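As written, the chain order gives the labels A, B and C, with residue 1 at the start of each chain.
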Amino acid sequence: MQERLWDIISAVRAQAPLVHNITNYVVMNNTANALLAAGASPVMAHAHPEVQDMVSIASALVINIGTLDEYWVESMGLATQQAHALQKPWVLDPVGAGATPYRNQVLEELLTYKPTVIRGNASEIMALVKTSSKTKGVDSTHQSQEALTAGQELSAATGAVVCISGATDLIIHQNQYHSLSNGHPLMAKVTGMGCTASALTGACCAVQPEDPFTATLAAMALMGVTGEVAAEQANGPGTLQLHFLDGLHQLSKEAFLKRVKLGESS
Amino acid sequence: MQERLWDIISAVRAQAPLVHNITNYVVMNNTANALLAAGASPVMAHAHPEVQDMVSIASALVINIGTLDEYWVESMGLATQQAHALQKPWVLDPVGAGATPYRNQVLEELLTYKPTVIRGNASEIMALVKTSSKTKGVDSTHQSQEALTAGQELSAATGAVVCISGATDLIIHQNQYHSLSNGHPLMAKVTGMGCTASALTGACCAVQPEDPFTATLAAMALMGVTGEVAAEQANGPGTLQLHFLDGLHQLSKEAFLKRVKLGESS
Amino acid sequence: MQERLWDIISAVRAQAPLVHNITNYVVMNNTANALLAAGASPVMAHAHPEVQDMVSIASALVINIGTLDEYWVESMGLATQQAHALQKPWVLDPVGAGATPYRNQVLEELLTYKPTVIRGNASEIMALVKTSSKTKGVDSTHQSQEALTAGQELSAATGAVVCISGATDLIIHQNQYHSLSNGHPLMAKVTGMGCTASALTGACCAVQPEDPFTATLAAMALMGVTGEVAAEQANGPGTLQLHFLDGLHQLSKEAFLKRVKLGESS
């Protein structure tokens, strides 16, 4: 499996897929830089008169609702509709799901265009489960079991690969799942690391559209391994960011295979 | 006093208050990273259907008009109105006050919702004095005296704590003021350092809402001390930024108490 | 010639011209930081009620269509109209020209307000030639000759200085041109380096408005020399960014004169 993940990471470098991002203002620069450093080609475009044209020429679409407003929500609707129609992979990053009724309503609409992958943290995924299943969601008190159950429900309800990122990442698709335990706590002190994970997931899906489960696992392994290498070199969240970008550009197959920690799966 | 300032900085780290920012496009990433590095939890949201909900769950609001437009001005109005109604502390950063009639008009409206703190550079504060008092403002030719007088007028007219940042920072509330002389000239070569100061002021007010004067002093002391430590390690404005973020995350009580330079007060 | 280029770079440091940018969300932070590091004073403003006032107080305008939408396109129209009316230099960065019909249409409108300089990569300039000349453009198969011919056509059709950036930069104005061969391939792995080049071109034109050809050459030489110095110190695209900003701030006349590689000209 590790070798397959590396093959996907290598394919991004070799093919430089065009990844179309409709993302939030806070992280646009990070997202573009991470995609470039990983070998992909980023484009950001949200104007209604061109957003569907841009989806048509891209290999994957990434939607992040961090700083949404009415205009951007309409852009996201147009783009996801087009990605769905053209059967291009698209990734949903439900930033702040559950924080406000508006976010929940927007997410409900976006789910109708069938995201290929949904990536969020545990509380965002749990909020989405409530949105998509209209129930109270999960009741388990065991936290990681709770997250797994929520992810499985969301995957069943939407058909999407669900990725729950945290100290341990869970990648779930219907009955199968994989856990990953790379990464470093300092990554949580840099804004947009989750958004970067979603963007890299888009890049991996672009080169492996027929297997988004493995593509998502590859992206999360790339994030986690690169993040932990960077954290070892960093003095804090400022230097972490740099070493992270340098690492995406430089990571070798050897370092990747040696470090990646795949955990339990089914 | 120095010990009290450190207690506020520590409380931000311990409590991780949610700080809601409606700020400009240029600095959103810096702002979020600085808040995270200082231990706070940033959120950016401006959509009319959710902006008041977000204010309701945040502990402080920071408004920065750097790249305003009609939609964002309305967001700012909704948010500050809600903060005022809920008696949550909010910080106004009047970027470019005086540069265009539109900015002045927007600032005049925002002042009606009673900011807790107003933080700007000397010319922005002087422009606001003209806006709020409808007079020609100050006439003194002694520059720092001139700034102090303007800050006192603005504080009297608005009830807000007024912070004038520069080589020497002045923190003013009605009849009391404090000066601070940390910082480094290289900080002026990095965009958004003032905006970061406003965001950190929001974080400090969030944990010390009943004493915004001391909270603002704590935030400015944190900025100045961290900035001068970072400047000693930097080769230019690029590396300064990193070391600044690393420093916010790492600053110790000992280093803070040793470096902080409180000046005259009344 | 090298001495004249350095004089322009020095004049930016000495005069700190106000450069008004209406640019894309991805690069606003980079752009502001690069302008500050080079000694200029950046301002970003796009609100319809103030955009012309801001042009009036600035010394140059930079328009970049990277993340355009209808509101911003109108801002760009108002600003360029004002710059044209006041005979202030303005730089057009036609990001993604040719990618969608909407971009081409917007560019066609912007060209009516006579940019002083147009700076893009080879494919953007070729797309603009098609837009401005309504013909199929160039047919040559020799790539750099093809780019030169396209640039000459575009300059003839618009009256603008045309700058085509790449491994070799071409700066073209009617019958004269200059090539430059500084820079480093790693620069292409950092987002917004082209946008930074356009912003620095604005700063150089601000201090040398009567000779935009030489001003553009100075800006591109500053980019290329600073970029190659930074690349020698960098471990990847993350660290490159920092060293680049530090370098803009620190570059000495000696280092500049020693490194700058002016190529063929006519």
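Here is the rule we use: a contact is a pair of C-beta atoms (placed from the backbone, for glycine too) under 8 Å apart; a residue touches a chain by one contact, two chains touch by 3 or more.
Everything quoted here is computed from the prediction, not taken from an experiment.
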What's the contact topology between the chains, one of line, ring, star, complete, other? complete
Compute the rotation angle for the C-alpha superposition of chain B onto chain C, expressed as a multiple of 5 degrees. 120
Separation of the C-alpha centres, chain A versus chain C, in whole Å, is 34
Two or more other chains touching the same residue: where does that happen in chain A? 25, 29, 241-242
Within their complex, chain C touches chain A through residues 24-27, 29-30, 66-70, 96, 99-103, 188-192, 234-239, 241-242
Inside the complex, what are the residues of chain A that reach chain C? 25, 28-29, 32-33, 36-37, 42-50, 53-54, 57, 71, 241-250
